[in-house]
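Chains: A, B and C, in written order; residue numbering restarts at 1 for each.
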Amino acid sequence: MLEVEHLSVSYGVARALDDVSLSAEEGSITAVLGANGAGKTTLLRAITGLVGAKSGSVRLKGKELLGLRTEEIVRLGVAHVPEGRGVITELTVDENLKLGALWRRREPAYRHGIERAYELFPALESRRRRPAATLSGGERQMLAIGRALAASPRLLLLDEPSLGLAPLVTRELLRVVRGLAHSDGLTLLLVEQNASSALSIADTAIVLNLGQVVVNEDAAALSSDEKLRHSYLGF
Amino acid sequence: MSVHASSRTTRLPGLIRLPDQPLVRHLLLAIVAGGLLLWLTFSVSAFDNTELAEIGWYAIAIAGLSVLTGVSGQISLGHGAFVAVGAYAAGLMMEHFDLPLIVPIAVGVAVAAVLGALVGLPATRLRGPYLAAVTLALALAVQDIPEKFSSLFNGDEGIIVNPATPPHSVPPERWLAWITLFSALVTMVVLANFLRSRFGRALRAVRDDEIAAAASGLHPARLRVLAFAVSAATAGLAGGLFALWSGIVSPDSFSLFLSIQLLAGMVIGGSGTLGGAWWGALALVYVPEWSMSLSGHFNFSSGISANLQNAVFGVLIIAIMMVAPSGIQGWLRSLGSKLWGWPGHRRAVATGSTPLPAAISSPHSSTTSTTEGNIP
Amino acid sequence: MSLFVDLTLNGITYGVIYAAVALGLVLIWRATRILNFAQGALATLTTYIAVSLLDRSINYWFAFAAALAAGLVVGALTERVFIRPLYGKPELNPVVVSIGLLILVESVVGAIWGSADRGFTPAFSQYGVDIFNDHLDFSRFDIFVLGSVLVLMLAMLVLFRWTSLGLKMRAGAFAPEVARLLGVRVGRILTVGWALATLAGALAGVLVAPLVLLSPNMMDPILVYGLVAAVLGGLDSPVGALVGGVVTGLGISYVGGYLGSSMETVGAAVLLIAVLSVRPEGIFSRPRARRV
């Protein structure tokens, strides 16, 4: 589904990503781990075109994404919940969700996508007409993910969903997300600093350090390899 | 930069060396430029000398605006108002008193500076578009004041200014050119040193990041007022010289259009640079002439030719912004660095390579993220 | 007393025209953080288009509609041709370009249609109403002015609150990057925004032309007062545009009526400074915290 090959991204003279390659199969969950500043967020931003790449290639089911505008990449079936969630607080919950699915408005599945989000996250249903500013952290995360799912994407990029959330909430969120991967064939790229929870649902794990891929392993294998875990993930 | 222990010079292409000491360097440049201009005033016609004088006071006004906008980051759409103030103050002095020329001019400068500081005071709390709106409103208001207090300012008719009496055997136009160009060079040297001084650095620091500057012990509010005062003072000087040059001071000369012209000149020449002020002045004086001769050549009707000159300005502004936002001076600098490896900018003067500051608008980054921010 | 009433009605009439200009400025500001100084000049252009139709004996309503339609087209073109190439560059560049456009458009208008003042006769009587023994300086046309600006405001409200386009525009203004991540074609949305803003300006132009005499520089003071109104109301607030407009209109009207018309500009400046001293970002501005 997703092929990233030799991707390099620079901010001025600083190399944020250096020759990064990975591939994700349809319906798989890939955890992208590493310390702060390792380049995890940059990787996601490069895939959705928010940041330009110096070299390399990113292909979604064979289609090259590099060089396309963000909104066009999204319209190819990619959804990206950015760091900080990106909930638009001036809009209501319903408006946020609608916005997520708007580009599919002409399709019959449009309304279905929005209702689906409410099914997945019932807590949002009761707050439909409230401004998103009134939501708690966990609810905003649900909204952000629900919004991303409203367009029934094929590839979902999640940037640090657990940030600021209680562990229980995080676990529930990830459980829902994993369910989607299995039921809908949704391919997931999950960036996390909280490595253990990410590893618990992931199929593959990638560890970035200073912009380079240092580990690319089966998630279960990485979990059980204590040495590797210690040196790169700190636990 | 040369590494020789003995020399304190900067190497420019090949042969020319300039001293490192800023004041000396500026004075040297001014003297050389002055010599060239002096020679010019002897070789050209009386009409051309009048135009040289016009270039002189335009350059002074634009330089002042550049300090305010380019270096201090505060947009002013009412710069013409300070020119008017200087012109009226100097004009009134010249009408009522018989004093050596320097006195009325100095009065013009002083009055404009005081008013500039007064305007700068409320301006300290205002950002970008809000400041632009206030300066615009003030510019419009200033135009109506002479009419309201017509006894003092002689209303629409304006004040007649007698031309300066030149010393024996010097034609009046040449004398006028000397006065104006000399004042312009003095202004440039003063401004260049000002910008090089800690005040200049402080202004730039405040422009780039006000809160950080304040945290470092600077006083942004006071510096802003200072910038306004300095810029208004130069405009006042330009105004006084304008009064001499034009012979009459009336509200018509100071419409909103003057402020826009000065802004245009600054943009075309290169905002934030002193060299740019000269380019801008050249443009303001010669573009209308050139377009006039163009209309004459093609025999345009008077309706079209009157509008052609403004249209050309409009096109110039747009073109420069889209193609060379740092203006002519900035473009020359980048050309120089490409061809001869000049340093990106000489820190003597404000970095002309910075296009107009982003400080005009409340930058997105300064607002609380209305979406969830990146605050963990 | 009747002077006060006249001045008040007069102030409201002009005030809503300033509000329309202000609305255009606010729309563009919200979406792009650009102050569009060409707003007035573009409105002059569309008004001249209308007047040249009137000259050909085309009826007023058609000319009126044509001006509004021209506003949409001109606004969209301006964004595409002059503003779009400047995204990503320093923020002051598009502002200066708009000043250049102001100069360019006004001189083109002068070249095509001549610089002389001319009249613009609307479909409504501009003669005031006679009540009892008093003549009230408030005509059918003035009512039309009030009505059309109110319709404009309502239409904008409906557009923004209840349509998908409006939702996209709001998202694009509040959070452009997030909007892109949701598939919103932000570029097109901005073009639409400019088109609508210029439509508002075009309306202001046709409404003010019968009141002040049409000339290439007609909108210069109107633009300044519209800017004052927008700033007074808080540049982020469409409601502020309306309130700011009426306040500005009333203020100028009273100053002009009681202190003489040459004091109007002074009055506007004083009003602006006074309000901004208390609320540096306008009446309806939201306090903004700064992350260091």
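By definition in this document, a residue touches a chain if its C-beta (ideal position, glycine included) is under 8 Å from a C-beta of that chain, and two chains touch if they have at least 3 such contacts.
Keep in mind that what you see is a predicted model, and the values were worked out from it rather than measured.
K.L.:
Between A-C and B-C, which chain pair shares more contacting C-beta pairs?
P.N.:
More contacting C-beta pairs are found at B-C.
K.L.:
Suppose every chain is reduced to the average of its Cα atoms; which one is closest to the average of all protein Cα atoms?
P.N.:
Chain nearest the overall C-alpha centroid, as shown: C.
K.L.:
With centres defined as the mean of C-alpha atoms, identify the chain lying farthest from chain B.
P.N.:
Most distant chain from chain B: A.
K.L.:
Measuring centre to centre with CA averages, how many angstrom lie between chain A and chain B?
P.N.:
52
K.L.:
Roughly how many whole angstrom separate the Cα centroids of chain A and chain C?
P.N.:
43
K.L.:
How many angstrom between the C-alpha centroids of chain C and chain B?
P.N.:
31
K.L.:
Give me the residues of chain A that touch two or more other chains.
P.N.:
86, 88, 90
K.L.:
Could you tell me which residues belong to chain C and also touch two or more other chains?
P.N.:
174-175, 178
K.L.:
Among the residues of chain B, pick out those that touch two or more other chains and give their numbers.
P.N.:
In chain B, the residues touching two or more other chains are 370-371, 373, 375.
K.L.:
Using the touch definition up top, name the residues of chain B that touch chain C in the complex.
P.N.:
Going through chain B, the ones touching chain C are 75, 122, 125-127, 129-130, 132-134, 136-138, 140-141, 143-145, 147-148, 211-212, 215, 256, 260, 263-264, 267, 303-304, 306-311, 313-318, 321-322, 325, 354-358, 360-368, 370-371, 373, 375.
K.L.:
For chain C, which residues are in contact with chain B within the complex?
P.N.:
Listed in rising order, the residues of chain C that touch chain B are 29, 33-35, 82, 85-86, 89-97, 99-108, 110-111, 114-115, 174-175, 178, 216, 220-221, 224, 227-228, 230-231, 235, 260, 262-266, 268-269, 272-273, 276-277, 280-282, 288-292.
K.L.:
Residues of chain C touching chain A in their complex?
P.N.:
Touching chain A from chain C are residues 164, 167-168, 170-171, 174-175, 177-186.
K.L.:
Under the definition above, what is the set of chain A residues touching chain C in their complex?
P.N.:
The touching residues are 48, 50, 69-71, 74-75, 79-80, 82, 86, 88, 90-91, 95, 98-100, 102-103, 105, 147, 151.
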